[in-house]
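Here it is, the structure, as structure tokens.
Naming follows writing order (A, B, C, D and E), and every chain is counted from residue 1.
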């Protein structure tokens, strides 16, 4: 099942999942990131800290191929970030951003079913994933009638559904209640055990330090 | 300056700032809150915990008079929540919700200046408030070009600007970096010292417990 | 990357434009007046070349856009943009001069002739193209989107040109680019040809100028972006509530 | 001291104008759309100049009505709950907010009408007799439409009822406006008195203004 | 195995139709608005039945063009960055997403056209000779408009001033469509052959389809 998701075991040690070299991101003439070098290897959990506005979200979206580098080059799963074929690796990436992106007029289950259908995943899995994050009872509730925390939980369900090899989590602990924060740990561990990797952006130093193998700090637009 | 904001000192001990009795909130036929009784007195800091989807945000918006009770009655600063004059007390309420509500096409300073003008506050104060939250350098940046954390910080600047007597903070610590989390404490203390009160909703038990005089828990729509 | 004298080529286009303008004017007044329209017919020598060169400009925009999509070289994007700007200018000229002409021959500024309307619409399409370019500052994203529009928008040319054939209207039917007969006097045709050549010279001169300018602008942006430019994040500092009042 | 009703309204209007200047929604989206509509109509009905001249004024008003209401409605309903909360929590009088919004809508509509009006006159070769009355009629129609759109948007913004109501609210109300507008132009052309129509426009505007201000408080944001 | 191009496109189309069924944007807002437009026109131009009959078909097409494009564009540009991220990260082929979106837009437009078409026939007392050709023409125009709107939304969607450019890009590009549509109806009325126009519509649709599919990958979300 979902064989396309698996990172080939034999090369997993050698090849970096993410590799950025000398990358800069600009918004018009305003530099946001510059000279970023980063490589993330299979099995790794990387924590990223940095002040508000330092460029953490920009970095995650860059790695997710949703923002293109203005300078420098990078690869994700060996695919060039600038290549028009970059959409092909996106199914292996699990990204959770600041705000959930569910379609407000669809129910959680319908939203998830859309993702499943789009990725060729068995629709039957949707229920169990929502169940796993404690949303079984709310699966037929429209997304815009779910509380903020419920929508965030559902994003974790989506990650469970798609089983990505690279997790990119932007402040994953926020909005989750005491019961649900462990979801983050569980998901990260699962992913790593499968030979994937995770990048966590957070202001919650204690939680991330206990989880990450390596902590990076963003300052002045570069990783220090 | 801003005398209308001050709670009359002589009655501040006696009169509750918020008083809800037997309040229920329904969305259509779905009950969200039921039989909520709550009173918040001047000088008090109340922490509210509860699972995702328990109704914490609904409660805060109810107190902020943005949602009306389907049943029961309540007052804020002595004004009935159902009265058509409830808009008159709103200027004394400082509410920070899950997502910032800045106009994306205006700069932070322009957004703030709008609030100042609407409330009859001297526009000169805008700069110093943004400065106090560490956004002096970004005041002329459009809100949609500010990071999530920057927008959240600006909300604290707005609270500094309007000097409310009742603070309603929905997960105030989230998205703030290590430097900025103390803003929450500072603001709450300032408000309380002025004779105001604060209600904090959070999943960050440690931080809120150190701040609050009283902790309430919401479960299945009622305060326990 | 930059040549030693980046400004060396920027003078001759001005001369070229001036000379071409003068030659066109002289030619139009030397030519004999038309039997029917009299002196007014001289407008033709500006009106028609302007329209045709607008076609050429947008055609070049189309080709350069396609080339950009093919090669992903920003050089092509600059050419496409410059040509579109000139095309808009020429289309505007056609419209204004045409309206003046219309007022004096048909008695109204505007009429619902297919060609007139479609020319106006062509004008809007390429204004839209230019507006699209102004909406992003990411050079590559801008180039890509503009290129796609630049290719699609070219349908306006045949539409304008053949509009007179498709509907009956007031406007002159094609008299030159029509396969069979040429129903103009030889002197008129020659003058027209001279004017067209002169407009082409103007077009080339303006292209050189604008492409140069575009390149220069890009260089200015890049040079201002030194490693010392503060990053966006430096605008945020640690908060201080200013005492514990 | 909390600001006066008028200064609150002005604050809101100023905000709206500033937002428009930044986003250019009306000036760069709706206006060109309207202009294109005026250009397309003759192509579509491909008829003689005489008919076009007769049809021109009417088309102008139809375009103004439709797009005018779109302008007023879009701007309000596009705001998020958080944005509406921010406004509500300034404690401004909902009636003042209504007035300010309507004022801004009026100004935007006036620009819209004027530009399209000039275009119509040029394109459709409109008879300009009685042109000294045009400004008055344009202003009155803009007032009416701005109020109408603002009321409709206010009803929608309160939640429950969806945007679906807008056309239902707007359609019947815009008919009298349209009739008064076209008839007063027709009257000018024929050299007849247009007092009745002007009065009708004024009355509509007045009724809508009163309705809007009175309904603002009961309709205030309830999430 | 990752799903085929076609199944991805169908997934997207099904999502769009479901969203429309829930929100009713097209059916309950845009459609009534279009109907209001058709109702207002006779009031505005207040002319004889004969002129109305002549003008009716043209007005129908103008309304279809303007609102049709609004439909196609609104639905795409209204989505938030987070929503677009979600779609992109499914790893679907951008060309399949384009195809699916265009397909859904086509279906919505067809409904829109049909309802308004019936309304036009009733209101304007349209000559129904050659009516067997109507479905073909309606379908071809809907295809063209849907593709055009989807392409335009794609071109502007990532820009900051987003929706601002759409009308400038789309409305003029729809001119060939408008011409072909009105001329084929004119042809039917006069009993002439409309093959050229049908062919023109088909060619436009084909060109747009190719352009859309080819441009989808280069245009894929770039933030």
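Rule of thumb we're sticking to: a residue touches a chain if its C-beta (ideal position, glycine included) is under 8 Å from a C-beta of that chain, and two chains touch if they have at least 3 such contacts.
Only a predicted model underlies this, so the values are computations on that prediction, with no experimental measurement involved.
Chains making contact with chain B as well as with chain D: C. Across the assembly, the mean Cα position most removed from that of chain B is the one of C. Measuring from the averaged C-alpha position of chain B to that of chain E gives a distance of 46 Å.
Here the spacing of chain C and chain E, counted between their Cα centres, is 30 Å. The geometric centre of chain A is 31 Å away from that of chain B, both derived from CA atoms. Listed for chain B are residues 99, 138, 150, 153, 179-180, each touching two or more other chains. In chain E, the residues that touch at least two other chains are 23, 160-161, 164-165, 168, 171-172, 175, 179, 218, 222. The multi-chain contact residues of chain C, meaning those touching 2 or more other chains, are 121, 124, 128, 131, 138, 141, 234-236. All chain pairs that count as touching, in label order, are A-B, A-C, A-E, B-C, B-D, C-D, C-E, D-E. Of all the residues in chain E, the ones that touch chain A in their complex are 1-3, 7-8, 11-12, 14-15, 18-19, 22-23, 80-94, 217-218, 220-223. Residue ranges of chain C in contact with chain E, taken from their complex: 69, 118, 121-122, 124-125, 127-129, 131-132, 135-136, 138, 141, 144-145, 148-149, 151-153, 155-156, 159, 166.
Contacts from chain C toward chain B in the complex involve residues 234-242, 244-245.
The touching residues of chain B, counted against chain D in their complex, run 3-4, 61, 64-68, 84-95, 97, 99-103, 105-106, 110, 114-115, 117-120, 142, 158, 162. On the chain D side of its complex with chain C, the touching residues are 28, 32, 35-36, 39, 42-43, 46, 49, 52, 122-123, 125.
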